[in-house]
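Each chain gets a letter, A, B, C, D and E, in the order it is written, and its residues are counted from 1.
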């Protein structure tokens, strides 16, 4: 019962929050709503016995990602209302509405799971983070490391792209300009 | 309580991981070198990258086909090996293109080379696994690096290209995870072989739901493989990126995508999922045709090549749809041949790249630029013409053999209609390749200056072009050995 | 000389590559000597050819893609021998008469490559090798038309390329299906044409495959209604381009018909006789009429080519030795004669830069030698006996008479209609008084033109008077081909239609 | 004998080639002399052969193989039997005379050498035609003479009318040649060979219907060459050529090729009476038809041309009723006097500076006595008056027709005989006698060169005496041709002769009487009949209006409307449609990221919809 | 009783909301928000499936998705900064220099 109430509450809030995110004209509202929605989602995770995931969700999203966004927003000066000319809004809703409809139709039906066996079963008495840790550092060690590389890539990308060196484009400079520079 | 974990090193099969590790360590090494001493010349990094890739290639070739490693996350089957070889060879051909005589922004970053190596590693992970998670992570690693590489070209169009690619890539990532989720929902696993087993055991009872997942997967991979209508990024990104990178993009991400597509769709097609077959059929036909007719009306050679590479990808997707051993071998054969030809063609564009917009305010390589090239630079014109003819499928140049084999695969699997559509599309495509030849050979030059086409040419670039041209012309002698090897590998991995 | 055929194929190409090194001043001499050597090589081939043996000679096989059954497989029989010689001969003669100054080097190199592809097509016995040369021949031709042609040259060149390319891709699909069926039947991959011949297919398959092959070949021939690329190509091409196009490239189509669909699908071919014959008749009559309406000399000859090709196709589909041998002979004849005619038009075009008949008149006064040769060639073109065309036309029509009486009569109108447009052309440009001032001081043929043209006249008459050395080997091969088809045919109808004379003779 | 055969055959060719070496050089008399000499050699050989075969022994040689494909085997084979020898004799005789004559006639022409080259070439072709031992060889000669005829009619190619006439002749002949070709194909596929002897040997084995078709198609060929209705118009127009050409080709030799063909193929024709009857009827019709046109024509050469046509009709009647030897006999005699007539006309033309209108002549007999005599002799022969050659042959034809119970044919021919006599003497009267009208037009006529007149004399002699060799002739050809006695009673025989002579003499008398008084009144020219005849029954006009012009028009339509606007436009339409659809589908590529994302979404939606809506059985 | 389907439907709905954002947002930053929603929608699904099958793999996947999302933000922001520096706007209608 508790589960149902929690599910519906969380669902409602999440949907509303995300809806605000995608429709709000104010970037600040949108971001706040997104953060709220993310927290709600972590609520689902807790509800679904994925404690570790829930924590990660809160830390990464509401901590790191939102901080980054906030940072960006200050840079972009989008605290004011954003002007967006949405062309063919009906099409937007048609496309997404239809997609939602199709997905819902397909997913409402219960999925038969006769032959499904859990590869990494959640065991009674083992805390979720513990179990996750074991799987993560055995089976998913490689993806984990790759994810590390990915984060490295992202970091380098962020640094390089936002760096000062990008302000002057060597690509657009005609070769003569280099020689002139050298002469000076 | 948890049982203690005991893992023996042998079962980990570390060698399966070796190639990617080489690339990653190489990338880190470049970063370290840069940390130690700033402002080293790009030639050093180019050579380092080549060496790393070379070692990487060695590691790949040394691999035991059929191995799984690291708790079965890594899968080194034939597809993985050929896929990695193609990726590495293309990368080795690509990276010397940085040695231009003009200076371009991206090559002034050592990070460029590091990112490049990480990207290669990402692609390698993509092809060397049948775990949807690892594929996803590898894909994202490679993609994120690729976005950055494009943007590093540092001009408005490059950013525009990178952003477009990035945003659409994010959407595609969303599709991918949704697809994976549904796969997971119906099978309780994210490992393809496991999924296949479960589905078979279920006798595909969850097919309707599964199809939703497959639809998402088609959309996600369709984006990578630039299938219509997920292709819209391709021409813009190719146009915005530097020509060399565009050439690279037309080959490597796609082969990675093909391998993944083969893995994901392969078992479904072998299990006779008619829906997938029909949908792919339609998608392939539309991709080939639409890209072709859009390429007809382009004014820029690079953009035309972008559309043409979409069309070629569609052509090759057909092989996946057909799904026989011959078809899958044909895919690789085609793509290896395409690699040399297309990279050569883009390299020709790269060689003739101007910094200023002499010819057209928007395009770097409008057709007019190549007017009368034969009288200014005959060898260049002939080589470019060879690439164009090869792309058009004129025998005996390389791509003809690929087309021949793919079409033969279609015919042998009783898809004669498809073969005819392919033939007609080849004919249509000949028009736009011919257009360039017409400009080069049949028109008078607009600017009679011998340096027009060799702005960027340095010895390494010329060498690469010459090498590609050589392979394009004499591909016929390479087909048989390649076919032997590829078929052996493909067969070994059960496709 | 075990590899004479390979040498024949690659010699011009290698010479063409080396030609890049030769200096601009001496490139002409270089081209001529290469073409002459190639011609002599082909004559050597003839000299060593055993005319009484019907099968393939000088066969060469080397694996190329063995796992897919593609081999470097060359061979020559009576059917192909003379078309090869025709190719080398026309190239040589065309080079002698070549009057182009602009980018001469590129022209000669392209011609040498073209020669390789032509020889290659006629010598190859592997479908893929055949296809390679077939397609490759488009490339130098595209360049020749496009770079040295008239105002619409790019359009014409591209049209030529794309049209043929599209058609041959359909043929390629046919080849792949054929290879597949062969594989199904024998478990071996093979693209060898001689192997394919031995495969007996059920009727249903035969039709589709026949159609696939036929479309590809028909566009090249060019058969109505696929012919419209030809007037443009001829109208715009430089003289040498037209000469080679008409003399050799078109023959690829008809040669292909004899080599590929007929022996491979005798039953379908027999069923298709009527539709094909109707198309041929349209070609013969309709294009002859169109030719009559032309204002441009070259277009007249271009359309006349189509008309003559109609007779060739008709002869081929007579399915008896007379018709097929005749059509092959007519290929040679038409090659020589139309080549000469295009060359002749080129002569006047070089002098006046126009080809409109209304610009001329009374040329016989100012250029008597030119008029003489033109007259001979016009007469040869209308198929006067003792010229090479007559032999071919006579045999083709005679052969087809066995198939249909009425259709032969209709086809025979080609000798009337041909005379109509050809004589009109001749009258308009050569007879009458010289009315145009510009024509009064025209120079008659110069040395190289005379040399080339008289050579062609000689061949025209020689082959018309004494065809035996050529017709003999052709006949030997054709007779064995026809009896092969007879034996291979599975339907009763086909067995009855394909009547080899050898068997009849033996029955007597 | 074979040597003689080859000499007879190739001497003209050698002459032709020799002369052609000088073709674009200024006049050299050597060409004329050489060709004439070689023709004389040929004539001698022919005579030798004639004498040889007179004993009923044919000479047969096979020079070499020509075409050998499948079951078809055509050699260059020559066979000289009585018929051939007669033809050879006629051809060489007339052509030798014409050659010599031409040396004078073409004296001032700048293309003198070319003329002789072609003339000898013609003789060669004619010899091939008559000497060949198979149908294909015949066809070679057949086309060869057509070619030479084309070149010689259009000899003065600067004249529009000449080049037009040349092409007309060639094309008309081609139409007939097609029939001939089909006939040959029929022979080949039904008899398996083209050799005369082999074909004739199996006549009885072949189905009658086939035989009928064969003979009919062969006859179509003959109709063209012999200018029978409706392919007759070219002959009159062919008079544009130099007069010796008309004499040789369009009177004596080439036009008789058709008759020769029928005679040669007599074993076939005699098996199919229907076709033979048709041949005879058409011949009779043409005889009268042509004669009627000759009645009113004002053109000297055209009148003779029509008379030729008319006489060819006679020959066909003879051949049609089965009297092949008579046809051949008439062919021979006709060759002599008709050539003579033409050469005489040539003299007149020379004298009158190429004026051809006989109403502008008159009284020429005073200045051109020899010519007058020669032409009168020829005309009398033509009219068939005893004892000249024409009498013997023509009378035999009438007799044959009557004996075969073809009374209508006989009647037609009988009337025609009268007409012939009339127009011949109309011509003679208007040209040589009466008022000297030429003076009004300021001509100064003169007699031709002596040697030309001497050259003509052999013909005159033959025209007079040839008839007396009838019995020798019959004896000679008996080996080759069926020579049946006509079963007419002696009374009838004499009656026929008298009636025929009467009508001929009547015609002559009427002409002499009428034209010595100044001819018909002007009113005659206003009548419909006159106009009809004068305009050749409007046939050339009909051909022009209803065949030539529509064909040209249709050709234009075929080109400009059909080829360019339909066939080519379809091809281009396909190409442009593809290209345009490229333009249209560019919309997808708007470059707007939002749109691009939506396209992706749309793609996904389509796939999802497909997933739930389209579910084929797995 | 909350079943798997409930969660999956929720996931689908969230996904659709994300799509709405992707389709209609013109501001790059906001667009990025929307893509986050897409990924999170899947995360909910994974977690739910994981729970209902008692299998940890789904949680693993979700974990990696979070990592990917974070990386994307970094790269995306980098690109945006560069663009903003050049153009002073994040409106995607400003990037249409390439089309056709």
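We adopt the following convention: contacts are C-beta pairs under 8 Å (C-beta built on N, C-alpha and C of every residue); 3 or more make two chains touch, one makes a residue touch a chain.
Not measured: the values here are computed from a predicted model.
Work out which chains are contact partners of both chain A and chain D.
Chains that touch both chain A and chain D, as defined above, are B, E.
In the touch network of chains, how many steps separate chain A from chain C on the shortest route?
Minimal hop count between chain A and chain C: 2.
Find the two chains joined by the most C-beta pairs in contact, please.
Going pair by pair, the biggest contact count turns up for A-E.
What chain lies farthest away from chain B once each centre is taken as the mean of the Cα atoms?
D
Any idea which chain sits dead centre by C-alpha averages?
Closest chain centre to the overall C-alpha centroid: C.
Name the chain whose C-alpha centroid is farthest from the C-alpha centroid of chain E.
Result for max centroid distance from chain E is chain D.
Return the distance between the CA-based centres of chain B and chain D, expressed in whole Å.
Their C-alpha centroids are separated by 78 Å.
Rounded to the nearest whole Å, what is the centre-to-centre distance of chain C and chain E, using the mean of the C-alpha atoms as each centre?
Distance between chain centres: 65 Å.
Round to the nearest whole Å and give the separation of the Cα centres of chain B and chain E.
It comes to 26 Å between the two C-alpha centres.
Compute the distance, rounded to whole Å, between the mean C-alpha positions of chain A and chain E.
5
Can you pull out the residues of chain E that are in contact with at least two other chains?
Where chain E meets two or more other chains at a single residue, that happens at 4, 8, 11, 15, 18-19, 22-24, 26, 32, 43, 53, 55, 57, 60, 64, 67-68, 71-72, 75, 78-80, 82, 92-93, 95, 97-100.
Return the residues of chain D touching two or more other chains; collapse runs of consecutive numbers into ranges.
Counting only residues that touch two or more other chains, chain D contributes 586, 589, 591, 593-594, 597-598, 601-602, 604, 608, 611-612.
Can you list every residue of chain C that touches 2 or more other chains, as numbers and ranges?
Residue numbers touching two or more other chains: 162.
Taking the top-of-page definition of touch, could you list the pairs of chains it picks out?
Pairs of chains that touch one another: A-B, A-D, A-E, B-C, B-D, B-E, C-D, D-E.
Which residues of chain A touch chain B once you look at their complex with the stated criterion?
Checking each residue of chain A against chain B gives 102-103, 106-107, 109, 111-119, 125-126, 130-131, 134, 138-143, 146-147, 149-150, 152-154, 156-157, 160-161, 165-166, 169-175, 178.
Within the complex, which stretch of chain B touches chain D?
Chain B reaches chain D through residues 163-164, 167-168, 171-172, 175, 204, 207-208, 211-212, 214-216, 218-219, 222-223, 228-230, 232-233, 235-236, 271-275, 278-279, 290, 293-297, 428.
Which chain B residues qualify as touching chain C in the complex?
Where chain B meets chain C, its residues are 374-375, 378, 389, 392-396, 400-401, 404-405, 407-408, 411-412, 416, 419-420, 423-424, 426-427, 430-431, 434, 437-438, 441-443, 476-477, 479-480, 483-484, 487.
Okay, in this complex, where on chain D does chain E touch?
Residues of chain D touching chain E: 586, 589-594, 597-598, 601.
If we count contacts the way the header does, which residues on chain A are in touch with chain E in the complex?
3-4, 7, 11, 14-15, 18-19, 21-23, 27, 30-31, 34, 37-38, 41, 44-45, 48-50, 52-53, 56-57, 60-61, 64-65, 68-69, 71-73, 75-76, 78, 82-86, 89, 91-93, 95-97, 99-100, 103-104, 107-111, 113, 116, 118-122, 128, 131-132, 135-136, 139-140, 143, 147, 150-151, 153-155, 157-162, 166-167
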